[in-house]
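Each of the next two complexes has chain A plus one other chain: chain B in the first, chain C in the second.
This part shows the complex of A and B:
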């Protein structure tokens, strides 16, 4: 059961869409419901010992899980495909912007910023294709970003924040370090962001 | 409307609007007007809250324009001196290379603890495995079948491409074997020399795997030479007749090779 669950989780994780407990129960655990938590615990142990991955619950109410990497980040070339890498690049840029601007930005502000990087919501991008879809749908579904409607706005406006996957896969400190590196400054240059990152 | 104008931290528009609403309220005598006033208050307070938020989010001044410039620099933008020809949404004269975002992505991967996407290395077995192996396979497939139901479309695509890749590899290896043998038909090729990749244990295992297909399909054969070491040679189609009578007798050989031995 445990190895089936491990395989199930690995395959489900391919699209980076979080995994629901209900799916795990329905497809793998089935009759063994009572042993559910034990099976999950063992699966997590296997994932950690064999693959260096960790099963993390990002929504304790609705029981939704993701897989993250437990290993320390190695230096040097990472073996992912280019498409994945490019998306992570865009994502990091967006997450940095959101954090540096106080953890929440309006969609208009975000697109205005991306404009400066030659990324436009209305225009097909040579690397990302339909960027609007990537940002508002894919990243949100994968829980990297969270979007909430701003009440009483017409036409409706949205605000963007970090999603639970972003919180687990990276940190404010890492992101601040990235910004500092890009701007060749010390992270303490941005005092309030720095203290917020340290407190995290 | 005018939301943006009101939000501008430097403007007092919101205060002015509130004051005007107050004044107007004095003249109100119908319920509908009062309702409108209430609605206005809700909107105004939302705007007020946003304004307060923006004040807080000034944080330590973060210059997003400068940040964007720095990002472009990092991505390798080529800023050439060009006079302003006409208006265009793209900045004239600055050229962003095609691997710009790949460069960014390379850097970005250092900041994420992202689980690498999982792929089966060998794909799934072909549809007609040798008889003794079938039992084990069926059990495995039954167990996996349900798990795969969750994402059938995606897995099918993967399996197909892996199968093709396997077939191509097998063909390629057969051709290499045949070429070697043609060049020197009297010198047997040591099995281990043939499959061993001095730089990669994984590749060696893959090679053994592909060679096993050749044997199974009767395209190559392995014999033991005088020193009891296995040698491999391709089977010419003419020899096929001889082999038919022996087709019934299938041999299973287990070769074990671990990383230490391989080294």
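This part shows the complex of A and C:
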């Protein structure tokens, strides 16, 4: 049972789809419902020992899980577990922008920022394709970004923050170091972000 | 082997993660990756001991019915590595990535390829299949797109408008193919692995991989079939 659950989790994780506890129960455990928590614990132990991945609950109310990469992240390899390096590069830039701007940005501000990088929501990008879809749908679905509607706005505006997967897979410190490197400055240059990152 | 299985280190785990996300990894890339992982995770790097490194991982994958398997490219004889699910009874690895109708097209394409003389199916023949799918008819344009995706994802490879199984597909599905196409699937007379593309002896019908043929006939003045001793009629480029 444990090996079946491990396989199931690996497959779901390949697409970075968050896993619902209901799916785990339905697909695998069937007769062994009582042993559910023990099986999950063992599956997690196996995932960590063999694959360097960890099962983490990101929504304790609705019991939703993701697999995060447990391996130490050497410099320049933030969030990079797969060959989608370019997408992760873009994501890192977005997460940096959000953090440096106080952990929350309006969607208009985000797109304005991306304009500077020649990434436009309306246009197909040669590497990223449909960028609007990538940012507003894919990154949100994968829990890297979280978007909430800003109340009382018409037309409706949204704000973007780090999603639970981003919180678990990287850190404010890593992100600040990335920004500092890009701008050839010391991280302490940004005093408030630096103290926030150190406190994290 | 009475030796206790070596411990998994972060280097092993990193190697495994990359192999899994690559789908298929070529031999020299795998060696570089081995070195990179050992250096990154500060683990002792034993040069040229990639196979031992992989055995350690495999001993831990075994209880999960998974394995890092090495396969040889039928085109040029180079080694490739892929992470394989041993418990698979059908094309389940692909099941999570494609729709029912795409899977049906793939299965039918695989039929054509395995039943063919030379291990290739022409795009015309495959596109004609699209019309006859049970799940739902697929338009030719759509089928062309799907084939492109299969090539991108390394399940099929394309040469001059003809399609054969990619090395990745052969490594991952060898068991499935050998058991489901028992009477038709050919095994190479030299290396005894599944042979999709092969040269066949005109007299006795045995088949061999092209790289295996090249190796076998190297330095031989007369090219004769290893089984029936008749002259080997196929050219070896």
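The rule is short, and it goes like this: the second predicted complex is superposed on the first by the 190 of 200 C-alpha atoms of A that agree within 3 Å, B and C clash if a C-alpha of one lies under 4 Å from a C-alpha of the other, contacts with A are read in each partner's own complex, and residues count from 1 in each chain.
Criterion: a contact is a pair of C-beta atoms (placed from the backbone, for glycine too) under 8 Å apart; a residue touches a chain by one contact, two chains touch by 3 or more.
A quick note: this is a predicted structure, and the numbers were derived from the prediction, not measured.
Overlap between chain B and chain C is detected when the two structures are superposed via chain A.
Look at A:189: by the touch rule set out above, it reaches chain B but stays clear of chain C. Once chain A of one complex is fitted onto chain A of the other, the partner contacts of A:174 are limited to chain B, with no touch recorded for chain C.
With both structures placed on the common chain, the touch criterion links A:46 to chain C but leaves chain B unconnected. In the superposed model, A:11 makes contact with both chain B and chain C.
When both complexes are overlaid on chain A, the residue A:137 reaches neither chain B nor chain C. Applying the stated contact rule after C-alpha superposition, one finds that A:69 touches each of chain B and chain C. Touch criterion met: A:90 reaches chain B, while chain C stays clear of it. In the superposition on chain A, no contact is made by A:198 with either chain B or chain C.
Judged by the touch definition given at the top, the superposed model places A:151 against chain B, while chain C stays out of reach. Measured by the number of chain A residues touched, the leading partner among chain B and chain C is B.
Taken together, the two structures place residues 7, 10-12, 14-15, 51, 53, 69-70, 82 of chain A in contact with chain B in one case and with chain C in the other.
Within the complex formed with chain A, the chain B residues making contact are 3, 42-43, 46, 50, 53, 56-60, 62, 64-72, 74, 89-90, 96, 98, 100-119, 143-144, 146-151, 154-155. Residue ranges on chain A touching chain B, taken from their complex, read 4, 7-8, 10-16, 23, 27-28, 51, 53, 67-70, 73, 75, 77-80, 82, 84-93, 96-97, 100-104, 113, 116-118, 120, 126-128, 150-153, 168-170, 174-175, 177-179, 182-184, 189-194. Residue ranges of chain C in contact with chain A, taken from their complex: 8, 10, 13-14, 16-17, 20-22, 40-41, 57, 60-61, 63-66, 85, 87, 96. Across the complex, chain C is touched by residues 3, 6-7, 10-12, 14-15, 46, 49-53, 69-72, 74, 81-83 of chain A.
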